[in-house]
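When the chains are written out, they are named A, B, C and D in that same order, and each has its own residue count from 1.
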Amino acid sequence: MLKDFKQSILISIWFVFLTFPLMAVRVNTTEQMVEWRWMTILWVAIGSFVLSYAWRYFLAKKQLKKKDDEEGGKHSKLQLLMEDMNFRYKAMGVLLVLALVFPLVFDTYQNTIMISALIYVVLGLGLNISVGLAGLLDLGYVAFFAVGAYSYALLNYHFDLGFWTILPVGGILGCLFGVVLGFPILRLRGDYLAIVTLGFGMIIKVVLENWSSFSFGPSGIANIDKPGLFGMDMNIDSSTIYIYYIMIALVVFTILITNRLKNSRIGRAWIALREDEIACVAMGIDMARTKLSAYALGAFWAGMVGVLFAAKTTFINPASFTFMESAIILSIVVLGGMGSILGVILGAFILILLPEYLRAFSEYRMLAFGAAMVLMMIFRPQGIISGIRTKYEYKELKEETDNG
Amino acid sequence: MKKFTVLLSTAALLLSLATAGFAADTIKLGVAGPHSGDLAPYGIPSMKAAQLVVKKINAAGGVLGKQVELLIQDDQCKPEMATNAATKLVTDGAHVVLGHICSGATKAALGIYNDAKVPVMSPSATNPALTQSGDYPNFFRTIASDDMQARMAVDFTINDLGMKKVAVLHDKGDYGKGFAEFAKKFLEESGKAEVVLFEGVTPGAMDYSSIIQKVRREKAEALIWGGYHPEASKIVAQMKRKRMKAAFVSDDGVKDDSFLKVAGKSAEGAYMTGPRDLSGNALNKAANDEFKAEYGADPGAFFQEGYSAALALLNAIEKAGTTDYDKVVAALRTEYVETPVGKIKFDARGDAEGVGFSVYTVENGAFKELK
Amino acid sequence: MAEKHKLLEVKGLTMDFGGLRAVDSVSLEVHEGEIAALIGPNGAGKTTFFNCVTGIYNPTKGDILLHPKGLPTRRLNGLKPNKVTEMGLARTFQNIRLFSDMTVLENVMIGRHCRTSAGIFRSIIRDKSVRREEQEIVESSYQLLKKVGLAEFANEFAKNLPYGAQRRLEIARAMATEPFLLLLDEPAAGMNPQETAELDQLICRISEEERIAILLIEHDMKLVMNISNPIYVMEYGKKIAEGSPQEIKDNPKVIEAYLGEETEEDA
Amino acid sequence: MDYFLELFLGGLTRGSIYALIALGYTMVYGIIQLINFAHGEIYMIGAFVALIVAGILTIYGFAGISVLVLAAIAAIIWACAYGYTLEKIAYRPLRGAPRLSPLISAIGMSIFLQNYVLLAQTSDFLPFPNLIPDFEFMEPVAHIIGSPELVILITTFVTMILLTLLIKKTKVGKAMRATQQDMSMARLVGINVDRIISLTFIIGSALAAIGGVLVASYIGQVNFYIGFLAGVKAFTAAVLGGIGSIPGAVLGGLVLGWTESFAAGYVSSDYEDVFAFGLLVLILILRPAGILGKARKQKV
């Protein structure tokens, strides 16, 4: 007890020292003023004292849990519930109904931010394929999102092509970009891949900014058509509801397909690749092809939802496609639970909707993002909901003939 | 499941709070701009200006006998957040909107306001297309557009300074590149000067020594910079270090007190365009004093423009005698109003008539109006 | 002996790492139905030899020839590991390399990858043929688990298995790739005597029942004497002896290599 | 020729700063195979602390070179403290976790520290006092190379020599090299590996802080965001040179600095970053281990 107390005091003193220049002082050299903020330091002292207790408690709990896992493993109630297929189907049904009646109950603003959240759900699910399943850390994912958005904006501007025509085209273009970019770089090991993809993300933005004759440069493209419905003229409310339903359909489509892929021969190869590359190739899996397929498929979703993004905002410019965007999508995947579809959906809702409703705290949003990423890795690396391993049904050989 | 229920009910609670709104009959003035993130310094002064104006007007009895209510939305200058903010404002029943700050965000949001018939007035969105394209009949602004600034900067460079070789640099951003492209166009059209270099630099790069050497190699007599003050500070400092004599001419994004502070001595002798100096204007001075009294500091970027926009919008409602879209717009176009940026009304395209621009130079650590 | 079909033929295999010659012109053959063993003290280059054969390293010199029954001979030099596996040559690892966050059954199912075909589009559509293929993968993997005695653990995470069971799982996973030659890298390492005895039985059973030839690396000479013939001995990258267990036991060079191990270690 | 020389020196200056920061990346990577994404923020914090200390000192009447030295010392102390704490909080609990976990933790820490400084200080650009005086004797060549550049070059050169001596000649350096070669073996022979890792973070942070102070006084401004781009570029430099290799980091930094400088000078500064990352991709394709990196044979 006393030892803990002493340690916490020491930690508190350390943090006071650590944060002192940045938290306690503000200088204004032009007006020759130094502002001393002693109160904030007091808060730091108290905060770090309390947090150090919490830190110790959770670390001990994690150790305990690790032991538990080794001795057969216990799952949290939530986890067990999620693994119950029956419950899952019911819950999905309820959620779908809720999602369908949502726009009829709530106003346009609620629909708009819900569309934003759903866009991030699809982005998260797409990135989940390469990061969560195949273990390829992609820090430039937003590049493919940009490819989709710009392909709609440009094709719409130059050739007046409609949303529905471009939706698959955007996905395919994203996918193609994934293949072209992925081909040379996927041989690189994990960490190298991270920095190169980060570079690609930045390069795409630079190109969009500079190549004015192609992309209209930093001033962007305005007046992009909203999705049409048999040439009907829609006001903002109904077109928002329409986009909302398109988005719901897209999310369901994404879930369906990623779920199928995850539980297929290809999906298993991705997961195996994440676990151990050498063992994976020794088992006869073509590493380059498997990596490329994961990377390109992830890019496909980003491209597709990019089209919808352009159609929703009706205006795009390179400023929407920054590294921070990639980081947010990555934190959705990490916080939700790498490899877990349900987790990613939940992650997107928490990370996108919470700041929307808590606009007053929006300054602290990125601070909380960063802290959450660290804490999540330390205390719950599997995310809010960890990936659920499918339990396969198998029968004895004799019974198989009956089934045949 | 319990956790999830809690989450759901919290969300529901927040939703009901957000949608409930206020039943009281008020005039709703929406304010949208970056109030968080790295561009917040450009949005917060306008927001505070609106708060000051509303406080004052409400104390004097409000507009049309009703109190004015502020609806404030953060867009972080991001198009997608701007559309969300716009939808929120429209849903909450804003009658007029002051904003947005960045041109990109403004363009993204305008369609939503247009559908909902809400007049929008920006204190800072200078992209020419906003008024000149004719796509946005509900848009007004209390600041001059980029092409006006660029024309002024170019005229000054070639006529007053008499420079023949000009390098044009920009920060690849919406505002900076737009300004630089106009500058280049006007320079070429004038036939009096040659554009020897037209390039973008990376904002936040460690230094700009290569590009500055390049400006020197091209023997440019003047450098026109399109962009904001942080990069401008670096450029003027490095030009001084390299003992370069080329004149530095820039835009409104540089005419910011931060430029004086950060660039310090290197800023001396730099030229920039900016709204005409109205510190002599009584309203302007009053607004400034109000701000100082309230916050104990100098107001930041676009404070005066924001203050003027709030005044102009509320005045139009008062003059129109209603919040009806057509009448308010008509009032904006016909009724002059006294504001900190001068006595203004708006032309058919939405640009303010009577907002003047001047060329400034930095002398003894302060801006000095030249013409 | 002579009429047995030759499956693997390695001629003068040499592997250099920078200036270091880890394997120095080693030749070796494995015939149908054999349980061959490659033994030698620590650091003799056995695992490097394996890595060259299975495509993880590209050997500096020498030939690795595979003679599948009824198919043309293939030279394995420079082929990617997955191609080697496709050819019918599977392996296990000295330091266990399981997919630890996948279930035991899934680990074996991964082994079926190169013998099945469903691609991305077919996996999405999941038509009847894909469903049938999936069922076949599950069933055959389960049968393999039964063979190595791990059926009861099928839905456990691989990382939660006891050590000896993990080694057996690696063997099952390798067998799932339908090899005709199985390379086992120190399969008994870290096992207690009882587990080792069980493993010996398992290896013999695989050899007899599945008709898979086996080449195994062992550090401990005694263990392989019971089941292997022929035995190859390596030391300092070179092959120093080959022959039947009896011949190896009597070979003075081998005795020296093993007895001298402690004294010459630092040299 | 003058132009070439100017670009060469400009690239050298920029490259030597990249090298200083890259050393931190490469040393940490060499020991625990982790990209310390938050390293750029340490650089930024170093610059900020120097600004605050220099500000206080000038306001209370100090002047001249003493301010620079005191500010730099404070920057180094606090940067080291942050580096040490960073490792303890964000990376140590993740030792032995899957490779992706500490990397994501590092990205989180980078975002956190940026916003921490943003909230604790300001989002604005702050003027950094001009602490490096203009030397009289530099005047004739000032149009090619100025006094601050000279100070940067000399400081980085001296720092690198000190670092080399530390690693090659001292007992601590030997322990660091041993840990880099084989962590478990080092532990067996009685090296306190945890302490060595902490020490590596501390040394790396000190180098970053020196870089931060030099750059801030060179360009005269500081902002919470300056660490991101500098960090990304320095990391690129470390990878270019061969991550884990100390001479590689220096070489990589210089190569990157020159690439950017010549690309901006002879081609177009529009695509400066494209050239930098293009070079990275090219080198990684041709030599996956970087220019001076040794291909680590993965143990199978």
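Simple rule for what comes next: a residue touches a chain if its C-beta (ideal position, glycine included) is under 8 Å from a C-beta of that chain, and two chains touch if they have at least 3 such contacts.
Protein names from UniProt, one per chain: A = Branched-chain amino acid transport system permease protein; B = Branched-chain amino acid transport system substrate-binding protein; C = Branched-chain amino acid transport system ATP-binding protein; D = Amino acid/amide ABC transporter membrane protein 1, HAAT family.
Worth saying up front: this structure is predicted, and the values here are computed from it rather than measured.
Novice: Could you tell me which two chains share the largest number of C-beta contact pairs?
Specialist: Greatest number of C-beta pairs in contact occurs for A-D.
Novice: Where the centre means the average of the CA atoms, what chain is farthest from subunit D?
Specialist: Farthest from subunit D by mean C-alpha position: C.
Novice: Using the average of all C-alpha atoms in each chain as its centre, how far is it in Å between subunit A and subunit C?
Specialist: Averaging C-alpha atoms per chain gives centres 41 Å apart.
Novice: Round to the nearest whole Å and give the separation of the Cα centres of subunit C and subunit D.
Specialist: 46
Novice: Express in whole angstrom the distance between the two chain centres, defined as the mean CA positions of subunit B and subunit D.
Specialist: Those two chain centres are 37 Å apart.
Novice: Distance from the CA centroid of subunit A to that of subunit B, rounded to the nearest Å?
Specialist: 33
Novice: Pull out every residue in subunit C that's touching 2 or more other chains.
Specialist: Touching at least two other chains: 56, 93.
Novice: Hey, what residues on subunit D touch two or more of the other chains?
Specialist: Residues 127, 228, 270, 273, 300 of subunit D touch two or more partner chains.
Novice: By the touch rule stated above, which residues of subunit A touch at least two different other chains?
Specialist: 29-30, 206, 210, 278, 363
Novice: Quick check on the complex: what are the subunit B residues that touch subunit A?
Specialist: Against subunit A, the touching part of subunit B is residues 1, 3, 11, 14-15, 18-19, 35-36, 73-74, 76-80, 83-84, 87-88, 90-92, 103-104, 107-108, 111-112, 115-116, 127, 129, 135, 172-174, 176-178, 181, 200, 202, 261.
Novice: What residues on subunit D touch subunit A, complex-wise?
Specialist: Subunit D reaches subunit A through residues 29, 33, 35, 45, 48-49, 51-53, 55-56, 58-59, 74, 78, 81-82, 85, 89-90, 93-94, 97-105, 107-117, 119-122, 127, 129, 228, 232, 235-236, 239, 243, 270-271, 273-274, 276-278, 280-281, 284-285, 288, 298, 300.
Novice: Given the complex with subunit C, which residues does subunit A contribute to the contact?
Specialist: Subunit A residues touching subunit C: 69-70, 72-73, 257, 260-261, 264-269, 271-272, 275-276, 278-287, 293, 297, 389, 391-395, 397, 400.
Novice: Contact residues on subunit A for subunit B in the complex?
Specialist: Checking each residue of subunit A against subunit B gives 29-30, 77-78, 81, 106-110, 112-113, 116, 206, 209-210, 212, 217-220, 222-223, 235-236, 240, 309, 312-317, 319-320, 353, 356-359, 362-363, 365.
Novice: Which part of subunit C faces subunit A closely enough to touch in the complex?
Specialist: 54, 56, 80-82, 85-86, 90-91, 93, 97-103, 105-106, 109-116, 118-120, 123-124, 126, 130, 133-134, 137-139, 141-143, 154-155, 157, 160, 173-174, 176-177
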